[in-house]
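Chain lettering (A, B, C, D, E and F) follows the sequence in which the chains are written, and residue indices restart at 1 in each chain.
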């Protein structure tokens, strides 16, 4: 009965928003199948929770993502 | 000084939204009392954080909740 | 299909260890019943995960719990 | 390669909202530098994720924050 | 720059312990590739953290996993 | 009343173990002071929880940390 939490930045989906419903469904399907294949976990009791995080709420290299990308570009 | 995180799907409240303020207050009260009763934890330093998760962000059985319920019904 | 994570300090159980198996079972039962009563959540798809945290890994008031208690006593 | 999650109540920022972008950037910078100073962690692989939690979703003392503050004042 | 947390019960690996190092490596590889395929996320900044949870610390159906399985068998 | 969770790999401390008690106390003090300085959060209700993660349980670049470092060296 695994529990998986996936956090991604809110971007890259249609119209600059986060992942589309289809992309989320693919993530849920893919990670559930992975746990079934590798650890024989039952999909019926595999939970997946996806969190979309605003760019300014995510930090890397000591900078928020928008600042980080400005510096890198 | 316990920390409790409760994640529920955003539904079942008034007008199809997530839990009402009253329901959230009941959850906070109930889980804090439970920790006091079972483990003698001081309510003054018991934190509870409730997250409402959109239906398409929650997966079970390899499907998002909306797809899962369509199949089950 | 709620997911609940309960973090408590590793203490207060038998022989100075964390909560006993019986206490953990009471927490699991209590919080699952709470979610059923308040939000009509199905216990069959309610997950509870308990984490015991070593005292030196928990901070409050800018101090680890052992330092905090020394100051308070 | 540390991962830091900071949860704060959604308040105290400009116009009653949560922390401003500048305050978030300060938190990201500060905690990344702290991990570099204390544990020599590489900022390039230090992730920080900030969550703003609505006041009614945060409980302390068995009450939601708005109820808790009403009682205290 | 996704962050993925996978929680599984501590079982099913060699000698009744949790997943083997090889199984964990497969999970890390699989979920990182999934995020690259579905959302074009860069593996270099994809973090995966696996937690093994003791059976008595995991609850489902209002019971700890050991009690739950006793009832089901 | 912030809640901060810091996850670091279990290494870099005395005798190859994770951070020492002193280093953890520094992290707790530093992050609590940061939240007080930037957001005027009260240290008395600031919680910090530190998790040490085994190297094989942490993945980056699609590899567990031990494999990742072997490739890089």
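By definition in this document, a residue touches a chain if its C-beta (ideal position, glycine included) is under 8 Å from a C-beta of that chain, and two chains touch if they have at least 3 such contacts.
Not measured: the values here are computed from a predicted model.
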Original post:
Which neighbours do subunit B and subunit F have in common?
Top reply: C, D
Original post:
Is the number of contacting C-beta pairs greater for D-E or for A-D?
Top reply: A-D
Original post:
Of the pairs A-D, A-C or B-F, which one shares over half of its contact pairs with E-F?
Top reply: A-D
Original post:
Shared interface numbers for subunit A and subunit E above half of all numbers used, same, or below, different?
Top reply: same
**OP:** Please report how many Å separate the Cα centroid of subunit C from that of subunit E, as a whole number.
**Re:** 21
**OP:** Could you put a whole-Å number on the gap between the CA centroids of subunit B and subunit C?
**Re:** 16
**OP:** Send over the residues of subunit C in touch with two or more other chains.
**Re:** 1, 3, 7, 27, 31, 45, 47, 49, 58, 60
**OP:** Can you identify all of the chain pairs that touch?
**Re:** A-B, A-C, A-D, A-E, B-C, B-D, B-F, C-E, C-F, D-E, D-F, E-F
Subject >> Residue numbers on subunit C that touch subunit F, as the complex places them >> reply: 7, 53, 56-64, 67
Subject >> subunit D residues touching subunit E - in the complex, by the definition given at the top >> reply: 1, 3, 45, 47, 49
Subject >> Residue ranges of subunit B in contact with subunit D within the complex >> reply: 21, 24-25, 27-29, 31-33, 43-44, 46-52
Subject >> Of subunit F, residues touching subunit D in the complex >> reply: 1-9, 12, 19, 23, 26-27, 30-31, 34-35, 37-41, 45, 58, 60, 65
